[in-house]
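Below are two complexes that have chain A in common, paired first with chain B and then with chain C.
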Partner chain A sequence: MSDQRISGESNPPPEPEGMSRRSFLRNSAVFASGLAAVAAGLSPLLDIENFPSLQEFMQKYYKEMTPEEMKKVLERIEREVERQYGIRPHVRDLKPLDGVEYVYCLNLTRCIGCRKCVHACVAENNQSRNPEIQYIRVLQMQNGSFDMEKAVHDYNPEKVPEKGHFYMPVQCQQCKNPPCVKVCPVHATWQEPDGITVIDYNWCIGCRYCEAACPYWARRFNFTQPEIPADRLNPEMDYLSNRPRSKGVMEKCHFCLQRTRAGRYPACLEVCPTGTRKFGNVLDPNSEVSYILKNKRVFIQLKEELGTSPRFFYYFDV
Partner chain B sequence: MKDSVKTTIVLNVLIVVFLALATGFLLKAWGQPAPLQQIPLVDPEFIKTATVRVSYSELVAAKEDLSDFDCYGCHEKGKPPVLRFDDKHMLIIPEEHKDIVMGHGRNNRNNLCTNCHDENNLERFQTRDGRELTFSESPELCGSCHGPTFRDWNAGAHGRTSGYWNRDMGPIVRKDCVSCHNPHSPKFPGRQPAPPPHILHPPTNPAPVAEGEH
Partner chain C sequence: MTTAIRNYCVFLGRCGRIAFVGDWRYYSWMGLLTVFCLLGLNAYCRQFAHGLVVTGMSDQVSWGVYIANFTFLVGVAAAAVMMVIPVYIYDNEELHDLVIFGELLAVAAIFMCLAFVTVDLGRPDRFWHLIPGIGQLNFPASMLSWDVIVLNGYLLLNVHICGYLLYSRYQGKKPAKWFYIPFVFIAIIWAVSIHTVTAFLYVGLGGRPFWNQAIIGPRFLASAFTAGPALIILALQVIRHVTKYHITDKALLTLRSIVQVAMIINVFLLLCEVFTEFYAGGLHITSSKYLYLGLHGYHKLVPWIWTAITFNLTAMVLLVLPVSRSLKWLNLTCVLCITGIWIEKGMGLVIPGFIPTPLGQIVEYFPTLNETLVCFGIWAFGLLCYTIFLRMAVPILQGDLSKANEREALAGTVAH
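After this line comes the complex of A and B, so read on.
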């Protein structure tokens, strides 16, 4: 301490012969603990899983990628999914079909509220199981009213349907005039020519403006790293639809793009035990949906007064 | 107090604070998100696409046991079965057909077997307009009374579909009426719903929600 006191009084102090043992020890203690503190302060960074690779970080916007670049990206996604889940997936980038505009029709007379569509969707689209992310919300409505304030979505009786209620599944309505697309500050979500509003999960910054803008509560946010058991992973994937998402990105129903652009029906339709759900190309006059829109009592587009012009129609029999 | 002593004290206090912080960070003593509640995986039964019943044509296609449809294994040919009714004009279902629930139509009015079955050839159906149909032609039979539904079914608007919406890319799979409806009691039965969505952090002590509040 003595030399320190002297050096404190007289500046500039000439260091006598290098550093004293005492001050060296103290200084190194300060230095070591400072280092430890900095390391500890940075330690939450260790919790970041799936830190983006350089290739992912440098990846271009979906619409700007050339086919060769997209091929590399799809290979990278396949590699990463295999590393994480131990299953080599088949990731594609299906483009919209010419002369196709998808429309969904849902028969409110037939729906019994069994929620099979909800879980078939989760299985098909690799949604997080914990915390749960589900694209479809089945509302139990009071007979004779469309008061959504009185709708219940966590009903769980022994048997459905219950007397005095009807059931209205709500999912992304694939609006013609989508408010979610308008608010996206980075153009990470847009409407495709076949009417599906898609999200580039690598371009989404997670601001959740679209979630706030959607009047149908159709968008879901990954607040944590999604958890999918490897044995429940669906290996048939598409870039814009059901490839595994990461923490901090938005997702939503995309009419099972990986199936419908390959000509197949969406998963929610195929699992429906009552044939409530109908899907097809509205530009084809012979499709089921054209028949329904022409001949059935197509009762509502949900919240049509908002001018979103959904491609999802609710109708009644008789 | 001299400046150097002050400096030493401040430095030492800082060291202690930083070390405590370091220990805290490394032991993750605070600021950690609450652990997620376990959510059981959904029963795969709920995501199966099988229909609730199996139709005659599907049984034939799957080469299943068709002995239930062999009427003349028990009945006698050329001798129409005699229907018996109780004092309320309700059909008495014979012991051999106890598994049949007569629930077709409201008010129990449609309780006559021969409305659909041909009494002269039990392995055929008969329609009101006199057509004879086989067991695999059930949509025609049902459609002879349920015209609008038959029309919708033909257009693909009633009943289940699977396969390909785009007929150029693959076939569409349609189901017969009896793949979903029990012909003797056609109202679609209620079923257990799949589990409802789970709350991320369920309230430990749920407060009662006052009327009119959200």
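After this line comes the complex of A and C, so read on.
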């Protein structure tokens, strides 16, 4: 009160006895209603489900964990998945194989735009069904043009392919010079020695800078808690790939590393009915992808001029 | 030493107390801001519980009005330098006593910036991953890590300068030059850096042709030096009306010249950009087409950007004409500048960068009610902070709140 007098502002004359009690009551009333207002403001927090456990909150960065710490984390994730979905998963942390660099080749002459790859990917990689998250986007392109702004994303005819069009599935291009890795402020995404760019879902802060940086629109964000029906859950999981993600983090195609690092093909390749998709080790001169890159006369890296140098090649049968 | 700490605590205590004291206008203004803060807090809690799904953002347009406001406010913070330079480099007399109001505005603006970035995070609980030492700050590769460093550094610099000068004035001592002048000069360069780094956040993305242009950086600075001083003019007008603090017309007119020149440069740079985009043509201009003209029947941003251009051009004409020497017209001009540049830097720069997507898809964006409430909440919080800073600073500068009357003041409290 005294400061008010000093600063020369109008001040009611101090009242004698009795005032203190009244002002006490008034102050308490103001204080109580203030508290109530703050509590009302905070009330939506009561809706929170799956509050991160202390272990999860304190979890170290992937590259800094010792094998023992990793083992504990994998066990914790198995417990959490079991609690949420009622299925005990098998969560591994497969390391990149020596002397392997993966490359994808996609034959644009063969693709018919059936989107089987899209759905096989969703099933294999435990992507959210609500809201829908898909790593592969198939573009219906007009014959004679490579202009993606003329592409149709939501084509839905009775039968594919439609005349006058070709189809171009786009997913993470696993760039040699990935802009997403460069921009991430916390190293939550990086390129592995086998060429796969991965995300530590427990380290991502959800700033979505990588999503803005990606020239291929390959990254997806969990805008809310992902929903997967328990009976659709794929229990064969890996830490860096298809284990269930939480709300608020990024995800994207990782060449099905839970399969490919164990010597299998990616799910999108396996399901393709036309043999459009080819995958393999480019360091092995006898691999199918090496043959394609050596012998096919036309192949395309999307947006080559950006210098991202994708490990994903589109080619035509000429 | 202990007395020094004790004295400083008394100072802080008196500053804290005065923030709760004022006339009815002060109480209603603060009450209104508090209501908006609480509404914003409530909306943010809803977002925290359900995720960013409560916003209008999507995988296609993955940044929205939060990052737009952030970008604008970094400019406001940087603009304090436009008062610092005349005072400390050109020894401008008129602005000398007012420069601190600009620096305090910078502090409040940085608070808002940090709040806007935080509410944009999907996992704010993991913010500690950004802290060097315990986290993994990707410095120097990520421009966002640069932004974290320069924004926090700028905050510390300004808090130090304002805090030290005010405390010296409170004690009735002449501030020691070596203890603040070097920081003032560092802050000048630093102010330019915060807005340049923020521009580079966008400019550095090769996959987004709308942002990937060298002119974005200079445009950021020009627009910041328009909107920032315009905001300071309005703040000074308010201070002049509600306190007895003496602010000359000449000081306001000096700021007017700054806004005038900055706005002319800003409009010129816009012209350069629009010409380069549309005259040469090509495929990379689709975002600009979407922004200015609409694309394939989608044109949600068109009314926004034309409003901004109309406001900016009108403001420029008013600033050039002698009519804006009259303070009423100057106020109107400042409002036009601030609104025009807020739209241009926000909806006009951040959103069209995402439309169409790199795969050619057009998905439009509009903020939801919840998102808007969070924004209002943060703005109210920033204004609340700035009002409190002024409530403390004005009596200190006037000598009403000083060490000299400390004893009377404390005795007065005891008597009650």
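Assume the second predicted complex is superposed on the first by the 276 of 318 C-alpha atoms of A that agree within 3 Å, B and C clash if a C-alpha of one lies under 4 Å from a C-alpha of the other, contacts with A are read in each partner's own complex, and residues count from 1 in each chain.
Simple rule for what comes next: a residue touches a chain if its C-beta (ideal position, glycine included) is under 8 Å from a C-beta of that chain, and two chains touch if they have at least 3 such contacts.
Treat the numbers as computed from the prediction; the structure is a model and nothing was measured.
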item: Contacts of A:Cys114 with chain B and chain C, given as first, second, both or neither; value: first
item: Partner chain in contact with A:Leu25 - chain B first, chain C second, else both or neither; value: neither
item: Partner chain in contact with A:Ile87 - chain B first, chain C second, else both or neither; value: neither
item: Partner chain in contact with A:Pro161 - chain B first, chain C second, else both or neither; value: first
item: Partner chain in contact with A:His153 - chain B first, chain C second, else both or neither; value: both
item: First, second, both or neither for A:Gly41, with chain B first and chain C second; value: both
item: First, second, both or neither for A:Pro185, with chain B first and chain C second; value: second
item: Chain C-contacting residues of chain A that also contact chain B; value: 4-5, 7-8, 37, 40-41, 43-44, 131, 137, 153, 224
item: Touch list for chain A against partner chain C, complex; value: 1-10, 14, 37-38, 40-48, 52, 57, 61, 131, 137, 139, 147-151, 153, 170, 179, 182-188, 203-209, 211-217, 219-225, 246-250, 303, 306-308
item: Contact footprint of chain B on chain A as seen in their complex; value: 4-5, 7-8, 29-30, 33-34, 36-37, 39-41, 43-44, 97, 100, 112-116, 118-120, 122-123, 129-132, 134, 137, 153-161, 224, 229, 232, 260, 262-265, 269-275, 278-281, 287-288, 291-292, 295-296, 317-318
item: Complex contact set, residues of chain C against chain A; value: 14, 17-18, 21-23, 38-39, 41-42, 45-46, 48-53, 57-60, 62-63, 117, 120-127, 129-130, 135-138, 141-145, 148, 201, 204-208, 244, 283, 286, 353-354, 356-361, 395, 398, 400-401, 405, 408-410, 412-413, 416
item: Contact footprint of chain A on chain B as seen in their complex; value: 2-4, 7-8, 11, 15, 18-19, 21-26, 33, 36, 38-39, 41-42, 46-49, 51-52, 148, 152, 155-166, 168-170, 180, 188, 190-198, 200
